[in-house]
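Residue numbering begins at 1 within each chain, and the chains themselves are lettered A, B, C and D in the order written.
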Amino acid sequence: MPIAKVHRISANAPDDASGIARAIEEGRIDPRGVIAVFGKTEGNGCVNDFSRGFATMTLTQFFARFMPRADAEKICFVMSGGTEGAMAPHWTVFERAEGEADSGPALAIGRAQTVPLPPEDLGRAGQIALVADGVREAMRDAGIADSADVHFVQVKCPLLTAQRIGEATGRGKTVATSSTLKSMGLSRAASALGVAVALGELQADAIADKDIGDNWSLHSGRASCSAGIELLGHEIVVLGMSKGWSGPLVIDHAVMADAIDIEPVRGALHRLGFAANGQLTGAERDRVVAMLAKAEPSQSAMLRGFRHTMLDDSDISPTRHARAFVCGVLAGLVGHAEIYVSGGAEHQGPDGGGPVAVIASR
Amino acid sequence: MPIAKVHRISANAPDDASGIARAIEEGRIDPRGVIAVFGKTEGNGCVNDFSRGFATMTLTQFFARFMPRADAEKICFVMSGGTEGAMAPHWTVFERAEGEADSGPALAIGRAQTVPLPPEDLGRAGQIALVADGVREAMRDAGIADSADVHFVQVKCPLLTAQRIGEATGRGKTVATSSTLKSMGLSRAASALGVAVALGELQADAIADKDIGDNWSLHSGRASCSAGIELLGHEIVVLGMSKGWSGPLVIDHAVMADAIDIEPVRGALHRLGFAANGQLTGAERDRVVAMLAKAEPSQSAMLRGFRHTMLDDSDISPTRHARAFVCGVLAGLVGHAEIYVSGGAEHQGPDGGGPVAVIASR
Amino acid sequence: MPIAKVHRISANAPDDASGIARAIEEGRIDPRGVIAVFGKTEGNGCVNDFSRGFATMTLTQFFARFMPRADAEKICFVMSGGTEGAMAPHWTVFERAEGEADSGPALAIGRAQTVPLPPEDLGRAGQIALVADGVREAMRDAGIADSADVHFVQVKCPLLTAQRIGEATGRGKTVATSSTLKSMGLSRAASALGVAVALGELQADAIADKDIGDNWSLHSGRASCSAGIELLGHEIVVLGMSKGWSGPLVIDHAVMADAIDIEPVRGALHRLGFAANGQLTGAERDRVVAMLAKAEPSQSAMLRGFRHTMLDDSDISPTRHARAFVCGVLAGLVGHAEIYVSGGAEHQGPDGGGPVAVIASR
Amino acid sequence: MPIAKVHRISANAPDDASGIARAIEEGRIDPRGVIAVFGKTEGNGCVNDFSRGFATMTLTQFFARFMPRADAEKICFVMSGGTEGAMAPHWTVFERAEGEADSGPALAIGRAQTVPLPPEDLGRAGQIALVADGVREAMRDAGIADSADVHFVQVKCPLLTAQRIGEATGRGKTVATSSTLKSMGLSRAASALGVAVALGELQADAIADKDIGDNWSLHSGRASCSAGIELLGHEIVVLGMSKGWSGPLVIDHAVMADAIDIEPVRGALHRLGFAANGQLTGAERDRVVAMLAKAEPSQSAMLRGFRHTMLDDSDISPTRHARAFVCGVLAGLVGHAEIYVSGGAEHQGPDGGGPVAVIASR
């Protein structure tokens, strides 16, 4: 029976794989079972954040020491830049092992890859449908039948480049935007809505193309999306609970309605068996294997009736402010700041809020 | 009998006194009773933060509409720049009114001004002694006899300029530093230690000059200091509890041992009569009149065993990271982000932690 | 006969009017003749740059010491934030005095104010027409009949606020954008095109609404525009040459085709009588009274075939990069960096380049 | 006879070696002859600039495709972060080939590596002596006997880490600083003074340890130093003129006395046979193979009597301001911005100025 293992490992730099190496040496990780690594790297998390590419190059080479390079390149590396405030740079390594069946259900991990997205479909209904199909396939891979058992879906999605736009227009097609930067946001947006459709949070026919990247009332409470230039299709990782998996890990999630809406997260902790009266105690803290969250400033420039200045600060990007702040909110509850808080949350949770997943050991 | 009134008022910009104007029009504030205004203004909180001077100029002119300009200039304006994360720019207006005696004790406010500090004493034992005397005088002004009843001491302190250094060296004296910037840190440091001495947290003779700005194990749990070029002596505001004051307001404080040490703050809330199970409820939230905190990254670059990157980020000042993060930690508890979180916390709380005062209505 | 006087005065801070005060005390400036002050202030030049408002408040109060406040408020204060690189913060004070007629022509200054702009006209043909009319009026005020004699036109233009948009939509009108930030760019864009129309650089009927803020091939070589929330119409200052003015000052201008197109500026200096072989010599340098320039990164992200990274830097705003760089280019020619280089150059010079005006004493 | 070849190649990203690959494919570069690559990479050039490490990892792997990895690691990669303003990211590849003797002299390249520096010598006389010896060795390697023929010396120097400090103190030694960051500046400082000693610009016994990193009147007009954690000794590249080398390339240098002191650079261009009246013409421009410069803000905060704000800007590092500005100054002369301008110029040129080397084809 499959067992999902999750390893949270501190990183001293974007090119520091030494913690993973040690875990492999000590037999805690079997590199051939690794299917994904989520990284928080210490760049600005925006356009010119080279810490992400540096980390991906580092990890790809690292894993290529244990397997053919083509296999190392198949591992899903999701690098999220920006460790503002006291957020600790770290890797979360997802591994699939085999073990004894137990009383279950347990954390299940599924993966899927979609076919290349036609450039003219990016940021439009076509992308939503393609991602929704991919999520369903990843659910099948994870052995999760009921979408209610899915608690986190990570999507790596493509973006438009001048070349890809040219290819589409050459075929007489139009594209949603001619801006590479905007295409990243639209791709994340459509991907998140694709997750929502697959999970039954939204109906596909209720989403018009003009809603994508615009109508923030439409959102998924479990999607986390990032765009990358290196792929043409989508890589999808689904985390949920399944009776087909065994092992000590469980997962649950919450949706924060705004940047300080901490009680739903406490609720998820309660459901996972934590007392969570105030901050987690040291013993409880050790049982939290990973916390994965999305954060972004509210477009209203308000938080519970008070003004925030994140959108008007021309010195610091709004996403950097939001990650620092929301990491503080969550760290106050969990008791440390080695938390995966990612920005760029179009349709990923409500405006100003966001989904939070917690993986814990029973 | 004196009554301390505290008004927390949102600001739309550093030059927005409209909220204070409205409170005066509606009779909630009597401008002639105002003795201090603490402001969180939306600059970078560092060297070239002009939002502070802009706010001070605005408020001085504003209050001069209600009193002789010389009186307006006597109001103690403490402007703390930096509203990172979702921290809301706002004013906290401290007013002394007269009212009926009640069962007390209640929030008491005292104020003192020291004589000009000889430049050669800045950042040295002489400044510690001068500030300690000033704090004792402000305690007398507040009617507080026992230093255990003091919960927050705000000190505005001077800095060195080329001219002031020249004046001292002309008299054959040396100064602690020839750097204007460093003199700000030293002045805050010595002022904080002066508060610690006055409150009995430290013994004056246990502090060597070389400890000032260096030995972070020495600190006050109730000091908050900021340096300004516009003054030669010190302006000191003491907040505490006194039987000589009446009215509905009370104050308590906590010391955070690190940036996420939220439980002592919850403890202070409990002592003030809040349930504070998890985040404050809406009704409880309305009773929190003001929260005043200091924040700074730990010099160890670690938080509970995990690395933070605040000290190594050459794009964002460490204090900006720390304010965003700690405001998130506190806002997760209080339920909003109109909190006064100030940086530059030399000897103000332990390294990486800081004092937090809460003013509440009974 | 009118004489235009121009005083370039260093500023130690956004609230430092001491240099102007000294010039008044020493009789070099008659405050009652001052019609405009252009300031380079040391903020970020972007949304949250409070150095501009602080400077305007300071100067308004300062001049109110010499005249009724209403008159002080009529002085046209144009504050341009951002003194990147070695650019020196300074004021350029424009004064109209009376003197003896001489052989002329000489620098002439004219001014106009338009009626309030209906919000629905902002960023559209209506604004272009209104500004063009205003420029023509300012030319008449300056006694300049031929648009070829105009060398610099500074326009302060309004922006949209939620309230102004509501007023317009309440009358059944649409507005060009609902974003306050975008309305600033559109207002500058339409204002620059209005200048181009008034000066005969472009024909009004050749400009479609969709060109505004989009078709950068349309531009003025003499416009400099900035948007401010404090006005509803436009304030326009025209600088040119006129036989109706006397005095020692002259003006000319050049258009840089890109960020390093320095030879046209050298050409303007030659026309003004400078040898300008290489960098200006000390004696020549003293004759340059003011240099006024606009700068912005090219949207192509290229400069003469090589890539620049200004548009992709998420840590520093593109306009900050461009001001630092272009100030270096110009300072290398002039021999100092007390130059007025302003960003936000929509339709003000070609994409990536910009107009440069030089005021010199004969 | 050896021929020095220098290839300036644009880079689209820190991990873009495609331009070098193309040059190799087309036979313009023989990878086995490459002895150094200087890169301008698009990070912030400060502590957390990962574009440098990313570039070094990329280039090391790239060259390892053409030679044993150990040989690829011997290439001297000097990565200078920060392409502010319009500065173009690029590689300058230095290659040693063999060719026919010609009338010479021509550009000569020499290289040396020192033994590991004892940590207690860093930032002290011992490092100056070690570097001076290394420079002399590199001169011999280049076949340059007269130090007057040396025009540029690049030194990569080590820094202190906690471990290295511990090793030294364990042997009863003290170190110059316990701060890793400060040790970088001290190492650059002592290295630059070592260059000055080797070139006869300064006498070793005229330099006291306390002058290092403090007395800016002591400096080299030809040193360019950068500190890196990856080495224990020094890597030194000397560029100069030698009769022992042939080929079309020549080098000269100038020392800018301040950030806009452009005429000495024009003088160097004149000596290299350029008319350089105003900006280089297109034909002349093609003959400039590389321009290498150091830049830093003057510690006086003044430039020719006018204030600059680079040292007081808490949003942008002073070195970023200086690189943008000085690149503009130089680009205005050369006619493009693919220039190597590097910050961190302790004792490398006078305070606020810096050395500039020009490599041109005859």
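Following the convention adopted for this analysis, contacts are C-beta pairs under 8 Å (C-beta built on N, C-alpha and C of every residue); 3 or more make two chains touch, one makes a residue touch a chain.
Values in this document were obtained by computation on a predicted structure and should not be read as measured data.
Visitor: Which neighbours do chain C and chain D have in common?
Guide: Both-contact set = A, B.
Visitor: If I rank A-B and A-D by number of C-beta contact pairs, which comes first?
Guide: A-B
Visitor: Measuring centre to centre with CA averages, how many angstrom lie between chain A and chain D?
Guide: 42
Visitor: Could you give the separation in Å between the centres of chain B and chain D, each centre being the mean of its C-alpha atoms?
Guide: Centre-to-centre distance between chain B and chain D: 47 Å.
Visitor: Counting only residues that touch at least two other chains, what does the list for chain C look like?
Guide: Residues 42, 44, 48, 309, 312-313, 315.
Visitor: Per the contact definition, I'd like the list of chain D residues that touch chain C in the complex.
Guide: 10, 12, 42, 44, 83-90, 259-260, 262-263, 266, 277-279, 297, 303-310, 312-313, 315-316, 320-322, 324-333, 335-338
Visitor: Quick check: in the complex, which residue numbers of chain B touch chain C?
Guide: The touching residues are 13-15, 42-43, 48, 50-51, 53-54, 57-58, 61, 315.
Visitor: Which chain A residues qualify as touching chain C in the complex?
Guide: Listed in rising order, the residues are 44, 46-49, 309, 312-315, 317.
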